[in-house]
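Heads up, the next two complexes both have subunit A, just with different partners, subunit B and then subunit C.
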Partner chain A sequence: MTTTTPVATAGAAVSADSPRTAVGRVRKRLNSPIATAASIVIAVVWTIPTFGLLVSSFRPERQIKGNGWWNAFTDPQFTLQNYQDVLFGRSSSSGQLASYFINSLVITIPSVLFPLAFCSLAAYALAWMNFKGRDWIYISIFALQIVPLQMALVPLLSFFSRGVTLGGITLLPAWGLTGSEKYIQVWFAHTCFALPLGVFLLHNFVSQLPKDLFEAARVDGASHPRIFRTIVLPLITPSLAAFGIFQFLWVWNDLLVALIFAGGTKETAPLTVRLAELAGTRGNEWQRLTSGAFVSIVVPLIVFLSLQRYFVRGLLAGSVKG
Partner chain B sequence: MAVNSRGRRALVLTSVLGLVFGAAACSGGDSGSENNASSADCAPYEQYSGHDGKTVSIYASIRDTEADLLQESWKKFEDCTGIKIDYEGSGEFEAQLQVKVDGGNAPDLAFIPQPGLLKRFADAGKLKAAPDATKASAEANYSKDWLAYSTVNGTFYGAPLGSNVKSFVWYSPKKFQEKGYTVPKTFQELMDLSDKIAAGGEKPWCAGIESGDATGWPATDWIEDLMLRTGGPDVYDKWVTHQIPFNDPAVVKAVDQAGAILKNPKYVNGGYGDVKSIATTSFQEGGLPIQDGKCYLHRQASFYANQWPQGTNVAEDGDVFAFYFPTIDPAQGEPVLAAGEFTVAFADRPEVQAVQNFLATPEYANGRAKLGNWVSGSKGLDVNNVKNPIDKLSVEILQNPKSTLRFDGSDMMPAAVGAGTFWKGMVDWINGKSTQDTLNFIEQSWK
Partner chain C sequence: MDFDFAAEGPKFAMLLYGLVAFVVVVGGLLLILDGIPSLLARRRERRELALAAVGGAVALGPGRRRNWEWLMAAGFLFPAGLLLLIGVVIPAIRTLLLSFMDGGSTAWVGLKNYSWLFSQSETLITLRNTLIWVVLVPLVATTVGLVYAVLVDRARFEAVAKSLIFMPMAISFVGASIIWKFVYAYRPEGAEQIGLLNQIWVWFGGEPKQWLLEQGAALNTVLLLIVMIWIQAGFAMVVLSAAIKAIPADIVEAARLDGVNAWQMFWRVTLPSIRPALIVVVVTISISTLKVFDIVRTMTNGNYDTGVVASEMYNQAFRYGQTGQGSALAVFLFILVVPIVIFQIRNLRKQRES
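Showing the complex of A and B:
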């Protein structure tokens, strides 16, 4: 394991003598004062727009619409009105983000768990089970990443609403989902779209597990399900977490898929769909957008910050060969 | 052990999910039957009855507070007939509608604001012809001009719903009074007033055409309004249907006339800077300097009333108001540039037709108008039911027999032009490209 994760070792021992790997050398060079200064500058520049949004979200409507957020320093006027509007707005239109928050969770959690389950199973099978055409299956799954999901939207929607008919024979009837059953469509869509990248990432990781482990387990009489459960799953936790965060952020921030498969009704629409409508028919209430954006940012921030060490470690572990 | 704790975690997750679903299910089931409204109240809805428990879905681009008012406007109808109306508004309406229809998931009814889009669906055979009752009440209440926009190859597809008047110039009655300016009645007076303000060292006009991926549309409205004024309605129709090329001298004349204001550094861009700042100022903010006295005139549609910050008094004697964008040659009548939505159906189930019929009636128009913030071209609309002064003025203009009504041209052109090169061309034009070059560019794109 240690040989396959050079970054983790290099990270743990920054001041070690001359690094052996290329990644280690790059890391060493990046530790110079100039590089540090440069990265601080980049970080600041990168953060300024977000900071501006944050300041804006506390400014009164007239100020937001009248001048830039930096005027808040010379002429400080702050209010919580925007947050009040988007969180607890009285009319059904001016906010009530709270209920859409739940919709977002209901969409996101299964849309993360399903791909995690399918991808790790597929990754294991493609890496450690011997069957004919294994490489071709892997390559075609990998190649599917090239297909933009936008191309699949209409066919998939038609698959749900019309079913599958081939030459007059109905292979699959229409699903006929209404109301909150539409969640199924969104889960299905997100799971489909996540599979190619997920299988690829996890496969890279699973295939690098030492062969001896599997041979030993096989000798002891362990079946595939048992090996998967007791050996593979605990070992690939970092990359599961990494892919999990990845998928979580993508689903949470997704507008397109939700808009098409969940629709814009209150029963199923996630936060992003609500946010897009928050500005009003002609964008006249756009002062709400800043505070709305910060409300929707909260959950991804928590998820990311609490799991970010897995994120870096897991992604690199899947991609860098030692 | 690891397996055990994982299992436990999964259990917790499933129970959390269960809870969440429970909550979602609860919140979804609040539309209890309140059908015990007194029968006298429901008498006007008698003709639509017989579809109790049916659901009709409506999809449109109207959202937020306006969507609230819409839903309120058919609440009574729902209670009395038992038909449940599922309304969905989206900012991506135009693109999403296409996806929904292609994917076999079309809404029952849609409010389409572009005759061009309506025609496309009609040509593709996706739309259902309007029921006879809708047709009858539309013919009785709307002028021929309006109905022509939802008629494709002789088939009438749906009645107009709401509308807005675009031929307005916003101003501040207060500031006008302070400075002794009067509302211009002719185009010449308008230009004289602009000169007078400019002579005092101030910029009379302000404008903004930035609007995300639709940047440029406010300038196309300018051109359309001036096409109607310099060329007249007949030339306008030929222009919109491409019977005359986009770079025809008549169009050049209209664009140059608009340029006399929009590209005159003495006239624009009050409160924002030079001519080029028009391209980077958002349309929502374009007219706001009027309030601060940094600009005096802003040409924008009636719906701009919603853009003023809360607490602004929009009235003839208030903080801001609008006057009719005067015409050049009054002998040709008073051209009015307008826009609006049409209620079209993708399904012809009886309950869908009942809703469609209901929305086409003057009773609905009046009911909706009473809730505020709405304009309709319906002749059956009583002006006294309209609340806001600016909406009142719009309705008066729409109902004025002298008005020559024309629909927003860019909404009728093919999307590649009306929502593509025309917008882009206008941005280049503001940024300094010559009128002829701009029009040549747009003409080239119209195949």
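Showing the complex of A and C:
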């Protein structure tokens, strides 16, 4: 239950650009003009919506609302005013996205760090320690991946807001988080929901480390925490990066968890919540929606493009996000 | 610039607390675990000394060691285990129970919430939409991804070409929804169109339409799920492309020598070789499609007959306060996912056996 098929091919993906194997030579001849044309058509269809949004976000309001973005080529007028307004504008209708941007950051960073640490600890224990019931625990965690997070939302929210009572006895009081303390709820929820996939992914990588390494370390008298810190962590850094990017994109782009646990105010709500709200209530203010959407896209895009290699590796490890 | 940085202070303070908590929890845990072996070793030493003093020089064998391996493992698993229990297992069980209770979770109502799910015309439309989503999205996204992966394989600009299709994966569902809402934007007839789709429609002589209100033949649902296809095709393409590259060179070479053309090559060599990867892709996309929420919520908020199970679940549980019905929808979602996952696990096992 450790690997799915694509894992074996992960190496091939990473070296995708490496040149001319026998297959390459054979395949080369299959590339006909029709194939090239078809791939260009798909690429254009896939890129144009984003491109239109990007062009529009730099056009003056009057123009965005007046005619299509493709007119920008015949009548080029560009401005940064939309970004200025949507990020820093004072009026509540303008977006005030700078605030929400900070919220997204504050939500995302701990929501990536905690799962990384907890998952790698658990993955190491499940792969390299001997104790009774190890396989059962691993299979249970693996199986939890199929529980949709929708199954956990209602009780988890009441756990935060009302505590736990059983038969009239309060076992745990309400957390009573207000204002910016609500971040804790979001961190908590994201960390919980990341664990099944994270343990599964990292276990795949940790369990593939050579056995001799651990035996040698044990013979030298190294304890488990020591082996974990000095041997395992450095060796699984690429996998940590893969899972880290995965989790980063998931949290940054998440709407559902944030809607429920962060609330909708400027104090804690992330960009996605604000944008969804703008799209609903100010659906025709395209000068704000286009620039706002781009503000939310730019960070994951940079992370993604610069670390694409690791992200692909994470994807290929066969993942089902709960 | 009107931005007030001072007002953001508490947020950064919270972030700082969060980071400190991280260091304390993780560092503390490792420290405690570090302490366990030496503590136990000292205790064992003391006991051995005591035993030696009594005269019974019986060494405590390696059997004792396993005992604290267990303790150590418990320490390593503690944070993940505890959070899974509090955050996933117990809530899931509670949701199951809540699905048999009324809206305010005060009285048991048996299967009423489930019969509601299958009897109301609105919820039936929700179920129909979910079915449309889960059939069309995996099918089209995988097909596009596969075709594109084959087409650009070993092409000159392969890396760039793949990045273009893959890029939507990095964009949030909310961002993607806004991008596509702009494509579908509507201006009354006579005015200049600002949405690409309407402009093309007008160029071909049609009247501009409010696409997202077009309920006929569930057209608006289809337009919504195009966003999901747009996002997931990149995922399909990357995984399948890696699988295609892993096809052994000699198989391809042999087929060439037999004189197969490109078409036969695709159907007889490529497709059978990447079948396992194909299944993984379809299954993964199906599962994320079943749970889709953000797109529907951002584009139509589930109005105009576009709701799906996940969006309806949110509305029932968190907007209308119908916890029971919301929970029933969540359980239903879970039930939909289970067979898909079982199918995949059985598939994996079969593969490993052969």
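Following the convention adopted for this analysis, the second predicted complex is superposed on the first by the 242 of 322 C-alpha atoms of A that agree within 3 Å, B and C clash if a C-alpha of one lies under 4 Å from a C-alpha of the other, contacts with A are read in each partner's own complex, and residues count from 1 in each chain.
In the analysis below, a contact is a pair of C-beta atoms (placed from the backbone, for glycine too) under 8 Å apart; a residue touches a chain by one contact, two chains touch by 3 or more.
Small disclaimer: the values here were computed from a predicted structure and weren't measured.
Asker: One more residue to check, A:F193. First (subunit B), second (subunit C), both or neither?
Answerer: The answer is second: A:F193 touches subunit C but not subunit B.
Asker: Touch test for A:V303: subunit B only (first), subunit C only (second), both, or neither?
Answerer: After superposing on A, A:V303 lies in contact with subunit C but is clear of subunit B.
Asker: When the two structures are overlaid on chain A, which partner does A:A279 contact: first (subunit B), second (subunit C), both, or neither?
Answerer: Touch status of A:A279: both partners.
Asker: In the overlaid three-chain picture, which partner chain does A:A127 touch, first (subunit B) or second (subunit C), both, or neither?
Answerer: Neither partner.
Asker: Quick check for you: in the superposed arrangement, does A:V232 touch first (subunit B), second (subunit C), both or neither?
Answerer: The answer is neither, since A:V232 touches no partner chain.
Asker: So in the superposed three-chain picture, is A:A262 touching just subunit B, just subunit C, both, or none of them (first/second/both/neither)?
Answerer: neither
Asker: Please indicate which partner A:E61 is in contact with in the superposed arrangement: first for subunit B, second for subunit C, both, or neither.
Answerer: first
Asker: I'd like to know which partner A:L289 touches here: subunit B for first, subunit C for second, both or neither.
Answerer: In the superposition, A:L289 contacts subunit C only.
Asker: Would you mind checking which one, subunit B or subunit C, touches more residues on subunit A?
Answerer: For subunit A, the partner with the higher number of touched residues is C.
Asker: Once the shared chain is lined up, is A:A242 touching subunit B (first), subunit C (second), both, or neither of them?
Answerer: neither
Asker: So which positions on subunit A get touched by both subunit B and subunit C?
Answerer: Subunit A residues touching both partners: 65-66, 99, 102-103, 105-106, 109-110, 113, 153-156, 179-180, 229, 259-260, 267, 276, 279-280, 283, 286.
Asker: In the complex of these two chains, what residues of subunit A are touching subunit B?
Answerer: For subunit A paired with subunit B, touching residues are 61-62, 65-66, 91-94, 99, 102-103, 105-106, 109-110, 113, 153-158, 160-162, 179-180, 229-230, 233-234, 259-260, 263-267, 273, 276-286.
Asker: What part of subunit B is in contact with subunit A in the complex they form?
Answerer: Going by the criterion above, the answer is residues 2-3, 6, 13, 16-17, 20-21, 23-25, 27-28, 61-68, 71, 86, 88-92, 96, 99-100, 102-105, 211-212, 282, 284-285, 288, 303, 306-307, 309-310.
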